[in-house]
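Right, one structure below, let's go through it.
Note that the chains take the letters A, B, C, D, E and F in the order they are written out, and that residue 1 is the start of every chain.
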């Protein structure tokens, strides 16, 4: 604990996702005092046809 | 805001998912008073082997 | 199925939430062809101190 | 109801997932008193490049 | 891992929730081979005015 | 986007949660290239009687 879920569009590189996990974990440790080994990150990637803002899917723009 | 996640079995057409995003957004706007551009829809599609009712996966029926 | 989770700030009235459940269900039935009795709605209400945009919680604005 | 989401790394066999759905449902029925036909199980499988502990993705180990 | 979220109406006793966590964990260990100390359970309790089936909240029945 | 959900035990101060939202947002912006105003943070606080590891709720320890 904490358990962090990051939901975003697919398309980031593996290097970006690796850095994302590292930096977000560091931010959680710094601000909550949780030990790093207890911080869990889940990345949840979406596709443009399953994500809509204002009723319009990104794949329909 | 609001953020709406719709979890359902895969198999709907793109036309159905497009209409789903439009109509659900309209329903949220009408009833909550939120502006349409703040309404976010996530569609989360499941497969039959990862979904069970009464202990039985749909893929095992 | 479908299972719909609507995440929003607390503060809507019971009448609004009742209408929200009705209208979103109708939109899901109309566009996916699912029977109404299979459509499940979860409303998940947040507080302003647990919700941030651009790094700023709504309670800090 | 209840609705149970089981998030785990991909790699389990279909037989394991079938047994998982059955046994977890039985445990829920036994302890909550809910009828089996109301218990829903969702299995949510992750990949090693989207899951990190202590800031390190399992795919980077 | 696995991470198990159990969403249900509030109203179960602490004894029921304690047994639920124990028995579901045992079922996960038995069927996935995960060690017990890696199994995490989250119980997520809903109220009747935030849960609807067929467009009708349980609090409106 | 991205949408970040941070699930943790209740008990952090408002100052800690404010800093958590700020620092996690900065980490997401730095590593994904998303503009800050698109980054959304949800904090989801749990109680010890709804959270178990190895089948034991933290409230039962």
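Some points to look at:
Everything that follows uses one rule, which is that a residue touches a chain if its C-beta (ideal position, glycine included) is under 8 Å from a C-beta of that chain, and two chains touch if they have at least 3 such contacts.
Every value quoted in this text rests on a predicted model; they were computed, and no experiment measured them.
Between the two copies, chain A and chain F, the C-alpha superposition involves a rotation of 180 degrees in steps of 5.
Comparing each option in D-E, A-D or A-F with B-D by residue number, the pair that reproduces over half of the contacts is A-D. Between chain D and chain F, the centres computed from C-alpha atoms are 22 Å apart. The mean-CA centres of chain B and chain C are about 12 angstrom from one another, to the nearest whole unit.
Within chain E, contacts with two or more other chains are made by residues 3, 7, 24, 26, 40, 51. Put simply, chain A touches chain F in their complex at residues 1-9, 12, 16, 19-20, 23-24, 26-28, 30-34, 51. Of all the residues in chain F, the ones that touch chain E in their complex are 7, 46, 49-57, 59-60. The touching residues of chain A, counted against chain D in their complex, run 14, 17-18, 21-22, 24-26, 36-37, 39-45.
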